[in-house]
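One chain, subunit A, appears in both complexes that follow, with subunit B as partner in the first and subunit C in the second.
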Partner chain A sequence: MQNIKKTWIPYLLIAPSVIFLALLFLLPLIQTIWLAVSEGGAPSLANLRTMAGDLNFRLAIRNTFLLALAVVPVQIVIALAMGSMVAKVDGGRETILWVWTIPLGISDLAAGLLWLSILQNSGYLNSLLFSFGLIERQANWLSYQTPIALFFAIAVAEIWRGTAIVMVIIVAGLNQVPKEFREAAEVFGAGPWTRFFRITLPLIKPALQSALILRTVLAFEVFAVVYALGGTNMPVLVGEAYTWQNQNQNYGVAAAYAVLIMVISLAATLVYLKAVRVDPERLP
Partner chain B sequence: MANIVIDKIKKTFGSFEALKEISLEVGDGEFVSLLGPSGCGKTTLLRIIAGLETETSGQILIGGTPVNGLAPKDRGLAMVFQNYAVFPHMTVFENVAFGLRMKKADQNRVKSQVDKAAALLHIEPYLDRYPNKLSGGQRQRVAVARALAVEPKVLLMDEPLSNLDALLRLEMRTELKAVLQASGTTTIYVTHDQTEAMGLSDRIAVMYDGRIEQIGAPVDIYSHPASRFVGGFMGSPPMNFIRLPVTNGTVKLGNMNHAVPASVEREIVLGLRGENVSLAPLAEGLRLDVRVAEPMGSHLLLTGTIANQPVRVILPPGESVKAGEAIGLKLAADRLTWLSPETGLALNHPSR
Partner chain C sequence: MKRSLFIGLLTASSLFAGTLARAETIFLSTQLRPIEEATAVRNVILKDLPAPVEYVVEEPPQFAVRMEAERQAGKHTISLVGALHGELSPIAAKDGFVPLDDLAEKLQGKGMPKALLDLGKLGKDKQQYIPWMQATYVMAANKQALQYLPQGADIDKLTYDQLIEWGRKMQEETGQPRIGFPAGPKGLMARYFQGYFYPSFTGGVVRPFKSLDAAKGWESFKQLWAVVNPNSTNYNFMQEPLLADEVWVAWDHIARLKEAVTAQPDQYVIFPAPAGPKGRGYMPVVAGLAIPQGAPDEPGAKTVIEHLTRPETQILTAQNVGFFPTVDAKLPSDIDPGIAMLAAGVDATQHAQDAVISLLPVGLGDRGGEFNKVYMDTFQRVVIRGEPVADVLNEQAAALSKLMGDAKAPCWAPDAASQGACPVE
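Moving on, here comes the complex of A and B:
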């Protein structure tokens, strides 16, 4: 009696979360995949063909990849710099970290709107430039005629919004590295850069890997900030899925986009797992 | 020339005084041990010398140059860390080679230096392994090899052999001494182990509570402790302390009167090394009531009481003394330490 109880208890405790995940994640996932590769209840590649033949398709892929490529490395570098700097601070460390993580608490749409209020025609940036006499009249940063400025604005907003999470992961990683490793390197003649690249960076590889995977996956899902700042001026993958779902009411093509995003994210994750390989033998 | 002058170094952590005015001079090529109980500030002092910690006040000179504010790498020293700090992401070879790589030594020199250090510390079999699979003692030897490989002018070692088994420790100790003597490396060596300190050092600095209690040659410290703390800390069994009444400037040891330093009046503490006694007839000698007799092979260890105070003394292995017996002891008159009962400081110390 006792034993039977014991073996069942763990499953019983896990069950709610398993059922929850199955209902709200696995089921919709399977449905979405099926929706993407079927037509009228029969398997078909029609949705994928429609998606690939769409005018915005190549543009959306290009923009999404360019954004990820521009945003993720900058975020990693900034987060590493922030993490290393805060590690040197004794007093007020918690406060600094708290301030830095404020963007984490803001939803991405709110962040997009916040940057819109800065960058739109009557926004703070134009007022500031105008008051310094740097521009004659309100400049337009976010239109389809200024794709580079728009791309840049979106990248900056994304970096502002998403660096904190990378920093949190990296700070956690840095905290795991005992200071004696850096000190030993210092005693044996390593300068600050050598210490960083030859000691600190290899030792926070696991944290770096998690941060890269998380940030890249999120970068491929970029939408709200793009939508808030540029509307449909800069098509991205999730934006296209949204358009097909809500404006064109074509759930099949929307599903095809969703599946494509998932495949890209999974591929990126695999690439990172291989490229930033963490050898357990080389961990502390 | 790489002598070290430590001049009135103080270190406080918040309101806690970890070091209270430490002054110490280590000559070129000298081997000085810092010996003291846990938490007395040994690691802190070493870290200040290395430049990893900033002193609150005071000065340090290495080879005549003040090094205050100088980065650790510019002080020309190597260090063995108490917790090894062997880099987990590098092979043992790369760990040992690290200092040389930083100095941009050529490949041949790196190889020969690493091989030499590895041979000395018996870590050749692990050279291409990663440290995380090594035992504590093996890692510790990697840390020592890493420091020796750069052939530093000044070597700081924080309990470098603490994790080795007794046999290996004895062997490493001898080899370390030979190597450092041959290279003339100025060494500061932190240890808990007093036999290690006695065997290795030119001089020993006994630390207690952020202060250097006494510094001197091992034999001096052993036979002429400057305080009750040093006498009790050094030696196994530790020095015995026996309170004795003083009458007219003498104490009675058995049927003998022994003159004591004049400054005391009613009472004095006798510091007695267990081996500075010999058996005497009960009527003549100082009476010891034996509670336990332990034949140790090389000697006979007796635990008991003299004047109702606990003592441990050592007799030659051939003597036959039984538990419960009372025996007489003759003390080696010229090897006695007299201490003040109030301050615990030695009264007839040569340094005073």
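Moving on, here comes the complex of A and C:
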């Protein structure tokens, strides 16, 4: 009797979360997939064909991948540097961390609008450049004629906004590295770089893996910052889904985009799980 | 540029959240959303009604989703909707509205033009909506720009060649492109192509989509675009770049110019859009009132419609929000000078000798968004990406032809009437 009770109690305890997710996640997911691969209630690839034949499709894929490639590595490096530096600080560590995580509390749309106020024609950047005599009149940074400046602006805004979350995960990982390892390496004469690459980095692999997965999936979902800064000047995947849903009122093609984004995110997660292998003993 | 838009969105959703639990006649509108306008509707325009009305606003995409959700669920909270012709059309296509023929008959007797009322049938036998207010698109210019107007050009009779010349001169003399179009993600640029560009250059909208005239028009638009501010693909409401002094000459919906013109009536002039070889295209904008099937308070909604279409209320509406009457109502002389300027601009547009009226699309059902996309994609490819005009027109014509066929939409003015779906020639 006691044993039976013990076997079903865990299931009972996790049941609410499973039911909750099934109702509010799995069900809509299945509906979305069906919406993408059906037309008028019958299975059809018409939506996928419309999506792939659309004039912004390739551009959106290219831009989304380029942005992820540009943003994620920079964020990981910056977060590692920030995390390592703050580890050496004794007094005021909490305050520094708190300041660093301020962008986390800002919604992506607000972050986009903030950068818009800096970079738009009558924005702070142009005012500054003008006051130094570097430009004679308002310069365009966010127009379709300046795609590189626009890409750079969006990348910078994304890096500013999204690095904090990576840093939080990495700091948590760094905190778990036992001091003794580092001290032992120091005794054997390892320099700071050797210690970092041979001791710290391998030991924070689980944290690194989580950070990479989280940040990359989020990078594929980039939207609000791009929308605020570039409008439709730089198409990205989620932006296209939004346009098909709201402007074009074609829910099928919007669903096809949503499914595509999900597939890309899942693939990226799998790649990280394989590429950044974590020692099974270090898993909980 | 986009800040006001997002703030509007936030207020719209928060207003909405607070009003769900009330039991009054709920009036949901996609028009008059900004807080000042919504307040004017609540406190001035709807004030004298016997029973209280809850005025709720919603962005057009959310409006469509909400109406569809209520229709599918069969649980209705909204008794009256106010939205644009094109926003009501998909709902009417699914028989979502109560026929309003009795009201239409009454209003025709009171002088609402039949042509306007017929738009409210949306191509069906029964009256789907009652025309509520109307507007159109005009050009606005900062008075600083007038000194660069080409010699001999009359601003009220501008041609495309003169506009290009004007833009070139402004760019040369001031070092900046000074013409602007609302080609941003929330801008109304598609309406420019459907109601102004195509009728002016080809005399049609769908039939001559890939004609030689259209190709010539696109070549000339490319010349114009060379002197247009490149930030135009970010502009949604032209009043913002006008007020920021970034743009001096702009085309937009009167409601999206209103803020600039009413704030500084001495600084701007309003005039009709330019004319092309086939005349001066223009498109009226009609917002309508409709009652959803299953509305909890149908009689209440009808009372509101009758109230809103009374001449006094229509004048009040024009004074407060800058949309113009659909019934015979004369605007008073002490009206806000900005609104008076817009009214004069609308009048000049409607009564231009070479005017080519382009009616609102009828019968596209829920494909209106994709119809816009055909024109915007053509613009994107020809003008922004510089692809060869003939190839783009051929490919987009195929998409347009398929769309018209799928929707089985017959031609509307200025295209000649068709039997069955409107053909692309």
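Please note the rule applied: the second predicted complex is superposed on the first by the 264 of 284 C-alpha atoms of A that agree within 3 Å, B and C clash if a C-alpha of one lies under 4 Å from a C-alpha of the other, contacts with A are read in each partner's own complex, and residues count from 1 in each chain.
Operating definition for what follows: a residue touches a chain if its C-beta (ideal position, glycine included) is under 8 Å from a C-beta of that chain, and two chains touch if they have at least 3 such contacts.
Note that the structure is predicted; figures quoted are calculated from it, not measured.
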Query: Is the arrangement of subunit B and subunit C around the shared subunit A a clash or a fit after superposition?
result: fit
Message: To the nearest 10 degrees, give me the subunit B-subunit A-subunit C angle using C-alpha centres.
response: 160
Task: Quick one: classify A:E186 as touching subunit B (first), subunit C (second), both or neither.
output: first
Query: Between subunit B (first) and subunit C (second), which, if any, makes contact with A:T194: first, second, both or neither?
result: first
- request: Considering only touches as defined above, state whether A:S38 meets subunit B (first), subunit C (second), both or neither.
  value: neither
Message: Quick one: is A:S265 in contact with subunit B, with subunit C, with both, or with neither? Answer first, second, both or neither.
response: neither
Message: I'd like to know which partner A:N250 touches here: subunit B for first, subunit C for second, both or neither.
response: second
Task: Would you mind checking which one, subunit B or subunit C, touches more residues on subunit A?
output: C
Message: For the superposed arrangement, tell me the lowest C-alpha distance between subunit B and subunit C in Å.
response: 51
- prompt: Which bits of subunit A are touching subunit B when the two form their complex?
  reply: 178, 180-181, 183-191, 194, 199, 202-203, 281-284
Query: For subunit C, which residues are in contact with subunit A within the complex?
result: 1-3, 6, 61, 64, 90, 175-176, 184-185, 230-231, 233-234, 244, 246, 366-370, 372-373, 377, 380-381, 384
Task: Can you check the complex and tell me which residues of subunit A touch subunit C?
output: 55, 109, 113, 116-117, 120-122, 136-138, 140, 142-145, 227-228, 230-233, 243, 245-250
- prompt: Along subunit B, where are the residues that touch subunit A in the complex?
  reply: 50-52, 71-73, 77-79, 81, 83, 85, 87-90, 98-99, 102-103, 130, 132-133, 146, 150
